[in-house]
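After this come two complexes, each holding chain A, first together with chain B and then together with chain C.
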Partner chain A sequence: MRGVAVALAADQGAGSGVAKVRHMSDRTIAWIFIAPTIVLLLAINIFPLLWTVYLSFTNFKANRPSRVVEWVGTRNYERILGSEDVWEYLQATAHFVGWTMFFQVVLGFGLAWLINRQFRGHAIWTTIIVLPMMLSPAVVGVFWTYLFQPQAGIFNYIVNFFIDAGDFTMIGDVDLAPWAIVLVDTWMWTPFVMLICLAGLRSIPDYIYEAAEVDRASQWRQFWTITLPMVMPFLMLAVLFRGIENFKMFDMVVELTSGGPGSTTELASINLKRAAFEKWKTGYSSAFAVILFVTVFGVANIYVKVLNKVKQR
Partner chain B sequence: MTAAAASGAASGDNARSVVEPSTLSRWLAAVLVIGYALVALIPLVWIVLTGFKTPSDAIAYPPKVTFDASLEGYVNLFTNRSRQPPEYMASLPPAETWYDTLVRKRNMVITGPSRFAGRYWNSLIIGFGSTFLAVFLGTLAAYAFSRFKVPAKDDLLFFILSTRMMPPIAVAIPIYLMYRTLGLSDTHLGMILLYTAVNLSLAVWLLKGFMDEIPKEYEEAALTDGYSRFQAFWKVVLPQAKTGIASTAIFCLIFAWNEYAFALLLTSGRAQTAPPFIPIIIGEGGLDWPAVGAGTTLFLLPVVIFTVLLRKHLLRGITFGAVRK
Partner chain C sequence: MHSLKKGVFAAALIAALAMFSGGAAKAQGELTLCWAAWDPANALRELSKDFTAESGVKMNFEFVPWTNFADRFLNELNSRGKLCDLMIGDSQWLGTAATEGHYVKLNDFFDKEGIDINSFLPATVYAYSTWPKGTPNYWVLPAMGDALGWIYRKDWFSKPELQAEFKQKNGYDLGVPKNWDQLMDIGKFFQGREIDGKKRYGLAIYTERGSEGITMGVTSAMYAWGMRYDDPKNPYHMEGFLNSADTVEALEFYKELYDCCTPPGHSDAYMVANLDAYKSGQVAVQMNWFAFMPGIYKDEDVGGEKSGFFVNPAQKVEASTLGGQGISVVSYSDKRDLALQYIKWFAQDEVQKKWWSLGGYSASRAVLDDPNFPNTAPFAADFLKAMNGVKDFWQEPAYADLLLSMQKRVHDYVVAGKGTAKEALDKLIKDWTETFEEEGLL
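After this line comes the complex of A and B, so read on.
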């Protein structure tokens, strides 16, 4: 920090510099502290985003920068919204987001509920369960392709140990591949929902349960009238975070299935990367990116409003 | 999401009470949770084990749980090798090192180091560089947001958070074009700046939460004692925010360490990090699984250690400070 103070002092001219720093008003200090953050975010997030919006109205191709750029109006948008392929990618994304949320909420809440019984050693097991979500999604994708190998894969071996499924390939099969990515994501991110639910469960004051005991409310009734409603805002927060992340999902799925077989697991972000960096349809992919961003942003905002209503109850 | 941030509060301990669960239900809970944990651990344990297998053991059917440990995967990870005819192998002087011996058993010789060490080093430079910058800038901004009257404070904070909602690919093309113009493509500096920008939202939000918890009275006392604002910040607030800064740093480091999409699209040689490299460790006839296992193990190890260190602040980190306990 001294570095900053000294640098500023130097700016003020030698001699009375230090004294000037000393007398700087709180308002000035506030701006000096905040400005670098805002400038960096504007330069590396907002400026590129605006550029993307501009490119989405042009026929620009990033691999041919010398070509004359033409303004094409909303043609890119019309082409995307009218394309049947795009609906397929969006359906694949919806399948992925919907089912991962379902499994993660059920498993995550269940685990949190069990851990909240505070059996001996629960803290250590919680830390162990949390490990998968801290790992690099791309690397997770890579090593699951190994676990899913039809012959040598441990996953297939374990499945065959319980049911006679014969030779099958999770990531090479049109019907199974969409479930393979759901399975791996659930393995990785259930702990996330679990941690947040656990915080929710711990936030319920004991006296509420004590009052319910006095009223002789059954365990079942206590669960539905106390536990679930009070954890609900936390659960919804977890779904918000995971929902946004999974809607943008790229790294894990690219490494696991790279969108295949066919385009059964080609999620929106994967298609976006193909259009942008393999086919170099920059204008088209920019329009698609804008559509996706507006969707996430819009849905997230509506969702937060609902979340606040739930919390007020 | 700003509103959601308020849901933090809530008491932590669930101390002893009349509604304590019965012994039986605790037992049942323990069995189920430990069961889940063990099943969830299988993939991780398996990939670590694979790093110590020979290539033939790694693709054996049925999968081998017990095997003779070998360091071949690690040797293959760090070296480039080429296959030689038996006559040439016989003409070589005796192997000098244990890894030479290991490689020669496969009728191969080491031709030089592989690119893995370089990629790992890039991950370290970019990870630590961007973490330092994000935490430095984040600490300043968080302090200002926490202590001063800033016009449109909530809007600014929400703006900072919303930068995180963007799909990385959506901004990748303009960043790619911008970096090409500025000469930042495939450089450490370019990647450090990029990851700093991505991590800043997390750093500001987390650190603001930590700083809000430090009582203002300490600084006010220091200010009346004749400290300047900078001195009060440096000598009073920063030491108290130490834990918060450390855990924020670890979260930023883990993110930068794990990041894949930008690294894949914006780097190729000089500044490529490990995540886009691990998937392309090719052996003879497909991926060299023991080498992939070894690379994965070395790559995941720091994150596992940090996770254990960080376990008390995990929840806070993953929810941007929205849930505190």
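After this line comes the complex of A and C, so read on.
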């Protein structure tokens, strides 16, 4: 690094500037190079975060700048953590995140395992399977509302073809709506988990299986002792990505149910958006955002530590 | 060569002059009007051609679908944007728009131009123009009077076999309901009935969760039961008013209507969903704004004599939910004078008459007080009746907060079936009290 700096300085001729550069330490030059990035990071990441934390202790409303802003201490946090409604939104979020993770991991791994067998036409099937994840979540939300339409939608028709379910409405029923959003998200994002698992499966060297065959290990034994442990880091990575994504899920669910019926599918992120940009309770929503951030950050950190341990095994 | 240089120079000069003079004219001679994308907006576009012909001012329009209307334009106002010179915004925005200085106050302009605000229907002036409410501080010119009404399949109601069956079942003639009980009878009668070989349903009512739909729907029942938001002697104190026995009964009734008489899956429906359900022949009756009635009347499938219209039925009192909007000058516009010129033109009696004839709902008394007005359209008399008994939601600067709380509480009860009507209204009072306390009103 020092050599490059000296060469650059020498190219530009002698002078006081050159002398200054020549006396700069490697560390100083390194700082000069990374300073723009750090400034940018502070401006668009760290400052907004700190500002949000500050706002969370006020009654600020962004749509009413002329209103007096008061320091309200921890009142916003107390209201959020003491609100039954907020706990319901968090429960709805946990239901959504938990079940989508479960189905996507099971189905994604299953599909990857099938595709990895490299049957005839597996390439075209891979392309077909990954199509849903190439669509916009908002578009997916809109067209599934048509599929779920009780009179004209194909979903009810298919269900009634197999079982006599009669008139039912997936997104208008309190019991079914939470499963409707799980179903659509699983349909859309299982291919993503499948691709990551496929990468994991293909990274397992053949000789390990060959050695197991020599030792007369059964297919079942091979699966539990070779395939699953070696794919596990990939699977956990997929769960991490999907978990973070689904914790902040907004667009698809809003298009599909608007958070209804009632507040049955009102996920934490939907409620946060409503509080921040429809009710314009900026202070309150900042506190809610901080709580969600800390939750995701904390859980993700623990998860990453576990992931690293699994990788080291 | 010398003359060629001269020619090129002259041509460049002319081109530059044309460019700059054109640019200047464009900046001075254009206005942008922002509103929702719906039939009346198209009528206004047509009407505004006369303004352009008279003044030479080119009109641009920014029409946004209803689903994004409030979000889009409230953000525009909050960010002090210059996109809109003229805004036709919801009545509920008025509190924020006036206190935050989004709209230009029109009192001086009215005085200077001799515009008499009393030449507009008093209910619309009160609801659309004044802030603080009822004071002579005018921010808006009433542009589009509207109220929530009902549209029914007159052709189905006229079928002799259905009339006979209905009378036998309910003991009175099938026709325009006189109260909400009769409305429910009609809903139940048509629910699941086969007409012309197709399965039909009773009523398409508002149930939308995201914006304002279900609130507009349930308040049309609550107002008919005589609901008041708060104590008239003790403003913002709602206990015993918002959760009175009558209001609880109205909310229970609305839920019963939803459970008994709506098509399957009608759990998140507002204006367009109701129009679709009606036009596709799914339902016998739809709840919708008067603004849609001219479009229904002209519709190829359900228009003309196939459809009838009626005002919100009374239960204990005659009252309708207020819709509609007024026109304002956006204070961040660089063309405020030109925008005021448009308002002056729009306020004229002749323009208002043409506005009504094109499908816009004028609130001008020059139009509405005309003895012939009730005969000008099949829904005109009902519109007049509705506008004389309209009630509006809160218009406080914190209206969005109040509205979304109500959306949640009533949707939780009506559609999700959570708790009782009394519990829903008690929770709503708690939410609203918290909001009013934050606003320093309690």
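The working rule: the second predicted complex is superposed on the first by the 267 of 313 C-alpha atoms of A that agree within 3 Å, B and C clash if a C-alpha of one lies under 4 Å from a C-alpha of the other, contacts with A are read in each partner's own complex, and residues count from 1 in each chain.
Just so it is clear, a residue touches a chain if its C-beta (ideal position, glycine included) is under 8 Å from a C-beta of that chain, and two chains touch if they have at least 3 such contacts.
Just so you know, these numbers come straight off a predicted model, no measurement behind them.
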| item | value |
| --- | --- |
| First (chain B), second (chain C), both or neither touched by A:Ala62 | both |
| First, second, both or neither for A:Thr264, with chain B first and chain C second | second |
| First (chain B), second (chain C), both or neither touched by A:Glu78 | neither |
| Which of chain B and chain C A:Asn116 touches, first, second, both or neither | first |
| First (chain B), second (chain C), both or neither touched by A:Gln151 | both |
| Touched partner set for A:Trp125, first chain B, second chain C, both or neither | first |
| Touching both chain B and chain C, residues of chain A | 62, 65, 149, 151, 277 |
| Residues of chain A defined as touching chain B within the complex | 1-2, 4-5, 21-22, 24, 26-27, 29-34, 36-38, 40-41, 43-49, 51-52, 55, 62, 65, 107, 111, 114-123, 125-139, 141-144, 146-147, 149, 151-154, 157-158, 187, 192, 195-196, 198-199, 202-203, 205-206, 209-210, 213, 233-234, 237, 240-241, 244, 248, 250-251, 255, 269, 272-273, 276-277, 282, 285-286, 289-290, 292-293, 296-297, 300, 304, 307-308, 311 |
| In the complex with chain C, residue positions of chain A that touch it | 59, 62-66, 85, 148-151, 167-169, 171-174, 254, 257-264, 274, 277-281 |
| Chain B to chain A touching residues, read off their complex | 1, 3-4, 7, 9-15, 17-19, 21, 25-27, 29-30, 32-34, 36-37, 40-44, 46-47, 50, 58-63, 137-138, 140-141, 143-145, 148-150, 156, 159-160, 162-163, 165-178, 193-194, 196-197, 200-201, 204, 228-230, 233-234, 238, 254, 257-261, 265, 275-276, 278-279, 287, 289, 292-293, 296, 299-300, 303-304, 306-308, 311, 314-315, 318-319, 322-323, 325 |
| Chain A contact footprint on chain C (complex, rising order) | 71, 74-75, 78, 96, 99-101, 208-210, 263-268, 282, 397, 400-401, 404, 408, 411-413, 415-418, 438 |
